[in-house]
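Look at the two complexes coming up: chain A is in both, with chain B in one and chain C in the other.
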Partner chain A sequence: MRLGVVFVSLGLIFGGFFALMGGAYALGGVVEDFGRTHGVSGLASLTNILILMLMIVMVFATLLTLAERKWSAFMQDRVGPNRARFPGLPNASLAGIPHIVTDVFKMLTKEAFRPKNASKVLFALGPMLAFAPVFALFAVVPAGPTLKIFDHPVMMVSTNLDFGLLYLFAIASLAVYGTSLAGWASNNKFALLGGVRASSQMISYEVALGLSLVGMMIAFSTVKLAGPDGMSEMQMQYLWSTRVGSFDLGLPAWGIFIQPLGFLLFFAAAFAETKRAPFDSPEGESEIVGYFLEYSGMQFGMFMIAEFVEVVVLGGVIVAIFFGGWSLPFGNEWLMNLAVMKQYPILLGAIYGTVFWGKTLLLVYLQMVIRWTMPRFRYDQIQKLGWQILLPVGLANLFVSGALILWDPSLRALALFGFFVIGVFAFLTLTPPKQVRQEQEAADDHHGGHGHAAPAPHDDHAALPASTH
Partner chain B sequence: MSSHSHHDPLEKRELVEADIRERTYVPEILKGIALTTKHFLRNLFGERDPNPDVVDRKGLATITTVNYPEEKVDYPPGYRGLHRLVPREDGKPRCVACYMCATICPAQCIYIEAGEYGGDDEHAESRVIEKYPKQFVIDELRCIVCGLCVDACPKDAIRMDTYTHVPSEYNRQGFVYDIPKLLKGPAVSHPSDPWYKRGSSAPPDHVHKEAHTRITAGGAALAKRPPLVEVVKFAKP
Partner chain C sequence: MAAAGDEYDPTPSEHELEAHLQTRNMVVNLGPSHPATHGTVRLRIELDGETIVKMDTEIGFLHRGFQKSCESVTWTQVLPYTDRLDYVAALQNNFGYLSAVETLMGIDIPERAKYIRVIGAELHRIASHLTTAGALALELGGFSAFLYAMEARELITDRVTELTGARLTTSYGRIGGLNRDLPDGWKEKVMKSIVKIEEVAAEMDTLLSRNRIFTDRTKGTGVITADDALDFGFTGPALRACGVSYDVRKAQPYWAYDKLDFTVPTGNNGDNFDRYYMRMLEIPESLKMIKQCFAQMPEGPVMIDDWRIALPPKENVYNSIEGVIAHFKLVMEGVPVPDGEVYHCTESPNGELGWYLRSDGSGRPYKCHVRAPGYQILSGLGRLCEGRMLADLVPTFDTINMIGGEVEQ
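This part shows the complex of A and B:
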């Protein structure tokens, strides 16, 4: 029963991705065809903005407002929101979906209060500036292959910039303005302090953020994200491959394999940019007064939805840069050469689009689960992590990767190094920490010796900062 | 840290240098994620067992919530719930207006006005007792639910065995319970009750009815457990 509901919901989610992406390709093809007959090309970008950004990302983010609460409840052995009901269905909690509707109504009908001496224009500008850049980030992320539909190539990206990654960095740093403006314009010193914390954190981590991707840039010698010569699609190439009949098998050059350190650094830095737990000292829901202290109603809603859009967009960006974008780990050639796929390219596009959003969903889950697993970093720990760990490790990763790419341009040496790094982390994860080992040994030594040893707590140092001795 | 030091609980523990697994964060985070994900998957795929006895629950889900208004936990036996005035077989309160409960009540929330049975009272059996409560009022808002009134009563006339809370009200006056609101539940009679006073030494023509009654769902829990008081039954002559 429950299993059935879960699988039907999963089917609905992936079916939705499939239908939307198929629709996106079809609509793009129609619009492109219309445009070409009138002498304009690239009209498909407009429909991509409409479907990819306005529909998929926004709906995804809206659903996440509920999913975050429901998922966190499951992680903490709670039931989660289940009290709101649709009229006419008084006994069906529908997994809490009515809460989305009630939340929206609440946000829209609450008074948008403005403090007396707050700057009128800047106060109103704050939430917009926090929301817009986050949303615009997705413009360069490809959600599917370029396919010939109605004789015209249709790209599944809003804009195919040659400087995709640089656009990403530039727009990401714009988000600082929204938060610091919100803090400053509120005419409230606590909000101002929150804004200062937010901006110093975001600016600190921008350095590590940029540095972590340089390895990927030199590995593929491009800063382009979309298109056949973009980083996302180049990860489809195999490092090692064989064939089973017409089916191609092998290890693709995904960023996670050739740059695992780069992935960790980028993930950590981007997490800090999103200002979500464990990096949420700029504003910590109920505990830490933050930069949007004075905002209410839909203006606060903008900040909140911006956070969830950020989660989705970050998931998409990481998939595009480190997880092979929309491609499958193997069998891509086989799939693309199937007769039915050649005949109906829209089907192929829908499949790849579903793969992209499925990967994004996994990364969104990863961000959520980290948020509900990790305790918050203290402010000095945040700065230490950024400047004393991420930055040096990023530099070291850059030099090692650069040397390995120079030595072996086929990226195989880089991949071996990547596997070494992954192996080290796997080893560390699977072996118990030193103190636990010592305690086990001590317990074995004294087994049956003098009485019952009080179990020593061994978790009292687990959350200490890395540099504490 | 020496391998022996932690056997002495009084010895001050030295601060242990964090392990490489903690200093690099990643392995410990991965372990944490594995744990959280395990709970997530168990609760996603497993159905919550609605058994109100949480420790008796079975199944995959680890959620311990009891969905309160729909599902209720049985109160344990001996739970002190809302007061009731115990009725006799004829429906009148057993109370003889002795003021014991009002006297012992630390919150002074019991107010009693005694009335007297006249010699020509129509209720013949009531003639053997002199007093009855004309008014018996408990202010449930002031009550601290200590149960002393129940212990003090010589006539087993006030009990807290209803296994319900004081229900919510919109005004304070609603919490002031008078006889019509208090007098409820199964009747209780004891062989020694004065209104059964006999003229001869023959055993009483009545069966002792011990009422360890549960008015609400709490009764199910009590029924499972052995009786707290042994029920003595008097045989008919």
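This part shows the complex of A and C:
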């Protein structure tokens, strides 16, 4: 029963992606055609904003509000939300879907409370400043290939900036204003603590965030994300390849293969930027409640939905930078050269768009599993992790990668190094930690003695961040 | 530069001229209603940034007048009040109180009742430890481990419901033994539940005890030395975590504990992790004890055969004059507890649960004082937290496991 629901909803989700992306290409083509006949080009960007950002990302984020609760319930042997009903269907919980609607209504109808001594303007500005930047991040992420539709090229990205990655960094750092302002303007000590924690955390992790991507920038010598010369599409090239008939097979130059360390660092740092567990000490609901303590109603809803949008956008960004964007791991050439695809480019676009969103979905799921498994770091441990582990490892990664790219511009040496790193991580994950080994030895030494062996020294931090994730 | 020993250098040093920012410490109130303060307690904290400079613990929000209430009811009627002390492990309080009254009266209860008391007490010890360990995970943001613990605790609650008829306020046992024997098939159900609880405890152990973030958060925080802990009057897992092997079950065995084979784990760091780990290690020991009890438990009565203490069977009440009189006197006057006083203690999940009872022979307690283990441990909270970070307060507050009900009475 439960499995059936999962399959049906997965089918619905992928069908939805397929239809939406097909629609996006068709609409983009029509609008572009209309614009070109009137002497304006690039109108498709507008439809992309409409469909990619307002429709897919927003709906994705809204669905996540339910998906997170359902998934956490699944992990914790609970049923999860199932109380809300649609009028007319009194006996169908519909897997909790009505909760999406009721949540929105709850948020909208609640009083937007403002503490007496709170700063009016800043208090109102906080949620907006928290929401807008994360939403704007998605503008440079390509969700599909550039295709010729109605004789005009249509790009599946809101705006193709030459400085794509730099735009990401710039906008991501704006998000800190929303949270720190919210904490400050609330005139509440707990909120202030949360705001201070959030700002210090976000500012320190920006360094690691930027550093972790430099390896990818050198590897493809670009900071552009979309387009044929962008990072996302260049990952389609093969490191090693063969052909089976007309089907091409091989290992693509995906970021995860050539820069696994960069991926881990970026993932950890981006996680800290999104302020979700294990980096949720700015919220820390059991200690200081969080920087949005005084917000209620839809103003709080803005913070909450911003968090979910962040999850989706982060998934999309990681897919674009490290998982080959919208491309399949192999068979891209074969697929593009099929007669039916040449005839109906919209179909090709819809397929690739679905691939992109499927990968994003996978990463969103990964973030959710981590969020519901890991306890929270302490404030100073977060700083330590950022400055003492992520930063040096990022620097080392940068130097090694730079040298390897200089030595072998075909990136093959870099990929071999990447495999070595993946192997090291796999080894570290599979071997039991020191503490377990000590306990096993202690158990072998004296059976039935007092159970508690001397705990390992407290400062035995492993050199690699993987042990903490 | 001033020469060494020159105290009259008129040139002020740079340090003296520096314009320091005027800073003040921030005072925040954690509680009385705060997500981290289970139970109602106010923590007034003076913060320097994120560091706790000074901390005052203020209790009294849950005061119910336990002692005064006890003085106006018979010795048996005190029992329901004891449920509300440590409501996570109500059986421990029930049996502890009964044990104290029996010591004061100088009576011995049947062997079978002793074993059942051990089983009940150990079941609730596991429930309490699971709650504490789970809540610790919850405070640190690991919600899943908490719910796993609750799942196992729910099993125990179900078994306790079958035994006593209530989920939390058990009021089980009477002076002189127990008011009813084990239900049919209860033993088998408990043995099956034990298998499940072992699984869950092992799962929690793997989720938490070796989780890098969890150990980083708990090891080395909330540290107290054995001497300080003894000075504050710590008992139970909080004291044993410091390396002092003191357990009432071993020090002065009561009920059937002297016939059971179990070990008392001790730690050596006195930090949050050790307090947590003591509890995780005690869970298997308790399960072991329950199994032994079922194996050793004799058949026989569960209530003392003395109509001055135990209610006579109903057919005697209806059909014989002696039965009616005994029933009337027991209900109206209560159990005749002789003039005198006693201090008796049992090992509750949080430590030494002591009862100081004073009787003037009137059938009602003249004085009934509880030494709740949480009270002494809570008084040491300031020592555990001052100079530490605010974020460390939350796990520390959890591992000392303050139960509002018993601390404030």
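By definition in this document, the second predicted complex is superposed on the first by the 424 of 469 C-alpha atoms of A that agree within 3 Å, B and C clash if a C-alpha of one lies under 4 Å from a C-alpha of the other, contacts with A are read in each partner's own complex, and residues count from 1 in each chain.
Here, a contact is a pair of C-beta atoms (placed from the backbone, for glycine too) under 8 Å apart; a residue touches a chain by one contact, two chains touch by 3 or more.
Just so it is clear, the model here is predicted, and its values are computed rather than measured.
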Applying the touch criterion given at the start, work out whether A:77 contacts chain B, chain C, both or neither, answering first, second, both or neither. both
Would you sort A:438 into first (chain B), second (chain C), both or neither based on which partner it touches? first
In the overlay, answer first, second, both or neither for which of chain B and chain C A:217 touches. neither
With the two complexes superposed on chain A, say which partner A:171 touches: chain B (first), chain C (second), both, or neither. neither
Should A:370 be classified as contacting the first partner (chain B), the second (chain C), both, or neither? first
Partner chain in contact with A:234 - chain B first, chain C second, else both or neither: neither
Of the partners chain B and chain C, which touch A:264 in the superposed model: first, second, both, neither? first
One more residue to check, A:287. First (chain B), second (chain C), both or neither? second
Could you tell me which stretches of chain A are touched by chain B in one complex and by chain C in the other? 75-78, 372-374, 433, 435, 450, 454, 468
State the interface residues of chain B toward chain A in the complex, per the touch definition above. 1, 3-4, 6-7, 9, 13, 15-33, 35-37, 39-40, 43-48, 62-65, 67
What part of chain A is in contact with chain B in the complex they form? 1-3, 6, 71, 73-79, 264, 366, 369-370, 372-374, 425, 428-429, 431, 433-435, 438-439, 441-442, 445-446, 450, 453-454, 456, 461-462, 464, 466, 468-469
Which residues of chain C touch chain A once you look at their complex with the stated criterion? 26, 28, 35-36, 47, 50, 137-144, 147-148, 151, 207-208, 210-217, 219-220, 263, 265-269, 273-274, 277-278, 281, 389-394
Chain C touches which residues of chain A in the complex? 72, 75-78, 189-190, 193, 197, 277-278, 280-281, 284-289, 372-381, 433, 435-436, 448, 450-452, 454-455, 458, 467-468
